[in-house]
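Got a structure here, written out as structure tokens. Questions coming.
Order as written gives the chain letters A, B, C and D; numbering starts at 1 within each chain.
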Amino acid sequence: MADTASVPAGPAPRRLVPRLPADYTAEAARRRMAFLRDVTGASPQHIGRYSFDPAVLAGNIENFVGVAQVPIGIAGPLLIDGEYARGTFYVPLATTEGTLVASYNRGMKLLYAAGGVRTTVTADVMQRAPAFGFDSARGARAFGEWVTAHFADIKREAEASTHTGRLHDIEQFPASRFLFLRFNFTTGDAAGQNLTGKATRRACQWIQAHYAGIRQFYLEANLATDKKSSHLNILRTRGKRVTAEATIPADLARQVMHVTPGEMFRGRQVSNLGGLMAGVNNNGNHSANAIAALFAATGQDIANVAESSAALVHAELLDDGSYYYSITIPALIVATYGGGTGLPTQRECLELLGCYGAGQVRKLAEIVAATVLCGEVSLGAAVITDEWVAAHERLGRNRP
Amino acid sequence: MADTASVPAGPAPRRLVPRLPADYTAEAARRRMAFLRDVTGASPQHIGRYSFDPAVLAGNIENFVGVAQVPIGIAGPLLIDGEYARGTFYVPLATTEGTLVASYNRGMKLLYAAGGVRTTVTADVMQRAPAFGFDSARGARAFGEWVTAHFADIKREAEASTHTGRLHDIEQFPASRFLFLRFNFTTGDAAGQNLTGKATRRACQWIQAHYAGIRQFYLEANLATDKKSSHLNILRTRGKRVTAEATIPADLARQVMHVTPGEMFRGRQVSNLGGLMAGVNNNGNHSANAIAALFAATGQDIANVAESSAALVHAELLDDGSYYYSITIPALIVATYGGGTGLPTQRECLELLGCYGAGQVRKLAEIVAATVLCGEVSLGAAVITDEWVAAHERLGRNRP
Amino acid sequence: MADTASVPAGPAPRRLVPRLPADYTAEAARRRMAFLRDVTGASPQHIGRYSFDPAVLAGNIENFVGVAQVPIGIAGPLLIDGEYARGTFYVPLATTEGTLVASYNRGMKLLYAAGGVRTTVTADVMQRAPAFGFDSARGARAFGEWVTAHFADIKREAEASTHTGRLHDIEQFPASRFLFLRFNFTTGDAAGQNLTGKATRRACQWIQAHYAGIRQFYLEANLATDKKSSHLNILRTRGKRVTAEATIPADLARQVMHVTPGEMFRGRQVSNLGGLMAGVNNNGNHSANAIAALFAATGQDIANVAESSAALVHAELLDDGSYYYSITIPALIVATYGGGTGLPTQRECLELLGCYGAGQVRKLAEIVAATVLCGEVSLGAAVITDEWVAAHERLGRNRP
Amino acid sequence: MADTASVPAGPAPRRLVPRLPADYTAEAARRRMAFLRDVTGASPQHIGRYSFDPAVLAGNIENFVGVAQVPIGIAGPLLIDGEYARGTFYVPLATTEGTLVASYNRGMKLLYAAGGVRTTVTADVMQRAPAFGFDSARGARAFGEWVTAHFADIKREAEASTHTGRLHDIEQFPASRFLFLRFNFTTGDAAGQNLTGKATRRACQWIQAHYAGIRQFYLEANLATDKKSSHLNILRTRGKRVTAEATIPADLARQVMHVTPGEMFRGRQVSNLGGLMAGVNNNGNHSANAIAALFAATGQDIANVAESSAALVHAELLDDGSYYYSITIPALIVATYGGGTGLPTQRECLELLGCYGAGQVRKLAEIVAATVLCGEVSLGAAVITDEWVAAHERLGRNRP
């Protein structure tokens, strides 16, 4: 920016957001709110009305001032034939998009009648992907051989910093005079980004102490693609890789959705073509809707919608006229421990799903995927029958 | 699913979530909560503690039961040299990821001292992209010529259903025996997905009434890529295309970030390489963090993090040793009207930014982009200096 | 490369390939061949045996020494129902991959019986895409407005350097403080890369003389994506966008290919899924085979296989049991004028197709696409019936 | 195609290309040429003038009628500091694009003076990727576990059909109710597509005989992405992954290229930005030019330009003002044995490079990559200095 003269003079002096020695307190939040009123002229009445002691927020937020109250609607019953989630569920969806809950509800009704959604977690792995630079490509290759030979040492170091993380393997990606290492961990019920970051860093410190000739080192250089969608993670999984599938009899489709499987399948082919041409990271309809709503409700990191919204849809029109429909979410990042999962409303939403506490994370992944599938079928049908806009007119007229 | 025998028998009968004639009421919410307690055994204490009359929620949610209380932290002052956002801002970020607010705050401190963030909206357009099928590719091509010749009629029909939407142009994408039309609208202060859906549908009904030989029609077939990231939208914009840029003097970088511009730039090159190899939709660091936190706070559709998280970063090491850094967000979907923007806490967060009401949407887009840039610089520096993991250890130790 | 000590000492002095004042002569070629024998110790017997006067090569090669003799096989008759190519064709394919001609031949037999291949050119446009840099994103945006306002002037300048090129439009792609302009030309029967380069350069010189504030200018910066595949060109066409389509009756499929349309379609779904996951630029089977073989035979630029090999396949299983199959090639770069098209064997191959001379380029594009489609169907069927490996064993056992 | 009435009536009867019992003979070729003259009216004089006995073509072509004579120019000396290619090389480039040889020559001159090109093969692997379908995703996952447990058996079967192929590992990619297996082989001096096809088929026959419940099987379903570019192969290598790198002193750049490293590097940043926005599979300049020209000259499969043209460029401006430039080709498919490598002119071109016969394939890969790098630098500089169009005007005026 050449002509910095045009930059408005900053208020002098720069007024800092107040912080208190006991900062995770209602008093600190009030002080910050008063400050905001003063500097902005606004008078928020609702943000400050939360129902818990701010002490619970240490580790989850800084400069706490209040809460966003995001409305939760309940969709269900959702019938799941999972390996971890089995039976019926009532799904809390936090959203402000009218029609969303109704649409998922409609899909749940259909798939309940069809015998439920089968869910399967096929991979479970979280990464950190440091980059190491050398004098030449040969230097990078030699380092890769050394890493392979010293995997046991590296694994020992990585796991020394964590109770639950286990280093499964290290993938190598050479480019130019760099070697990118993709550390693949299992992380228990945590999403695991912090855990893998800490463990990988420790492993890398050991590597740096034991291998000469590393010219550059970055704990992250856009190969793990945290908070970004990437083809690498579509191929190789980040978080949970989970498939939801169902078979819909023709008569049910007609009765509930006013559409035949043949019509749905024909539309799917065109969606595949459009998506291929557009260069999508998801040939389905709108998995991000369920994912974002469940993430906001259950204390997941909603920024992970970025990578979790990738999907692979595959459908088949079966010989008996029924419709097989599946969605595979290759990078679903969920936790039932750590992050925001222990906060008051977030924990309660997990409890509604029977997913709070130890050993629940795959159950949650299955519930997310099953919910997603219901919405895929519902929106897919609504586009075919041209009910889509009408539904939004009826349920989504939310102008103030 | 062949062996449906393994599907657990659904509870008989299927128990429906209660709905009342007056459904947007505290009573209806309580009834649903009681139902949830009954069917799940859980006893939520916090979800039901919202501070507003549920009557405000009509058009935003169905089956309302309560709220997710997502903590909001304040980052700032953020100094912006925008065309709509000018001066200092205190940014409400709704998140449960410890460190996030602190990291953005650190970037804001640096860029304040550097003279602020310059922001520019370079495109503003929202789409719906219907697909039309014909007997042959020639049929599709002939239809395209007809559409071009009848643009004025189509525009008139499209705009007849909306006060604020204006049809700017229709792009054509032929493939196989289909023609995909991308209707590009400006949509005022609304994000505009509903508006464009309704207007495009009306235009398409007119088209179908006036053009013979359309064999298939879908109002959407994965070319607009709502709630999905796509290369098309990176190229051609969905929502706002906004660039934030700043120039950081070398001494400031060292003082605030403990890093030189040269070191940051060198790391950026490796991130570009890693991202290219990984196939990312964003060669930056973590724009989704700011976007998701601002979306949740201000009543945006958080599912749009899927497409809004794409980004193009470009940096330059200048001759005087300072660091030019820019991020372009090609598909930022924001609103200051409609959707969730009018709900109580959401509206208040918009008011804190001076963004509630008419004519504010580009200001909000600029604030989002400026916030994003601060976080890019902060995390980028923390990776270089290896302070990243330590910061999360200090601020993000959030295991229950 | 730090330790340059390990670089082998170059021969001293550096021995240059001989050049003569009359360099496009047999004598010059012989001198170079003698030089090669001397410096390499090899004794080529066949390279030097070409059938034409090297004088014809001026403008096509430097340091000419002889020819690669690439064997040509004939596939056909290929029945085309095009707008430019109509009737039967015998297609010269230059390849060294055994089975290739036979496989295309088999597809041609099937589609001949099915009534031929319908071909349609739906777009025709060649680009150069210069990048302009400014002080800020706002500078880039202002420049874009100026370009729009001065399109007539720019068009006049661009077209002043060419007889056949016509500037159709200029697309704008802003990113950071740059504006990329995509100049779209029609180029007659030439492929047009040189023509558009020259015309765009002239237009840009005019722009630079008339617009102040351009800090950086590049005639090309990876947005036209010459010799590279890109999503932009899949979306917006480079060269010819051409669709080939056919409908195959069930009994013919069984008789000629030993497969039913249902089996082929079912396999296609899995190929779509695999391709989506792999991140292909082509969900078809092997269009590059026909394209490379036709390019080598007819004097096209074979490096353009890079972008011409992108494709969009769409198939449908029709109600009567027949199989609709189409392939759309979005960036097919062909010429019947200029480049290598006038060289002796290359021109003859064009003449075999009735494509040499003025006004033939779309005919050639249609022939390429029709040939491609025959190979798609043939290989697709061979994978289903597991005849693929056996065919290569029979026809492709080419170890020396 | 609905109105088949518009298809031109095919000639009755269909006239077949003649085949003889002794088909790889000059007589058979003449008979086919006579047939072509008859059906097309053309009179080719040059196609039929080849210098070898057609008997050598068995396994390389069907319906042989003659040859494409593609002119070969010599670029060099190219100085390579490889692990297999060491010293100076004179590179035969078969092309019809004027300027191409001259441009590579210019780059070779520069990098010779700079101490040569360092080349490194960092991976070497060829694939076939069959897809297996099951009743459900769980069925696919169970199969994957079985494959892992039976790797030794599968390897034994795969290797039983080949002398040189070795199965290194099998990667698994689950999606929907399918499991895609990526069989990674080393294939000696052959490119290996046929070898891996045959070996994988044999392994899959063993698998099918020993594992119950496979509902669908395809030896290929777009995951190996033969003859197509894919992100999978950019990440995980197909053929050779090879890096070429060089460091160019500032004075040399100015002297030979009339450009400073700083100017080149600045331009590279814009090319990275443009390529990222365009969605390229190659952020470099034009690697396909060298690859196609070397492939045509040395009997490689030119259709493999499709995947071989992907590339990752990484450059650095060093503290001493010199310019480090590297290109990594992640899917370079080359052979020095089998395919077209044994044909007369093709073998001679390999011999010119000292690459014919056993144990030469990595040497050839290094020569290709080193040649590519020279062209990257040359064209990159020509764009900066605006000499690019002028060079084509001088050397590429090839209109007839």
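Simple rule for what comes next: a contact is a pair of C-beta atoms (placed from the backbone, for glycine too) under 8 Å apart; a residue touches a chain by one contact, two chains touch by 3 or more.
Quantities reported herein were computed from a predicted structural model and do not represent experimental measurements.
Interface comparison, A-D versus B-D: the pair with the greater number of contacting C-beta pairs is A-D. For the pair subunit A and subunit B, the fraction of shared interface numbers is greater than half, so the two copies use mostly the same residues to meet. If you average the Cα atoms of subunit A and of subunit B, the two centres end up 15 Å apart. Averaged C-alpha coordinates put the centre of subunit B at 41 Å from the centre of subunit D. In subunit B, the residues that touch at least two other chains are 1, 118, 136, 173, 175-176, 178, 231-232, 235, 245, 266, 272-273, 277-279, 283, 312, 314.
If you draw each protein chain as a dot and join the dots that touch, every dot ends up joined to every other dot. Residues 1-3, 135-136, 231, 234-235, 266, 269, 272-273, 276-279, 283, 312, 314-316 of subunit A are the ones that touch subunit C when the two sit in their complex.
For subunit A in complex with subunit D, the residues that touch the partner chain are 83, 118, 120, 122-123, 136-138, 140-141, 144, 173-178, 231-232, 235, 241, 243, 245, 279, 312, 314, 326, 328, 330.
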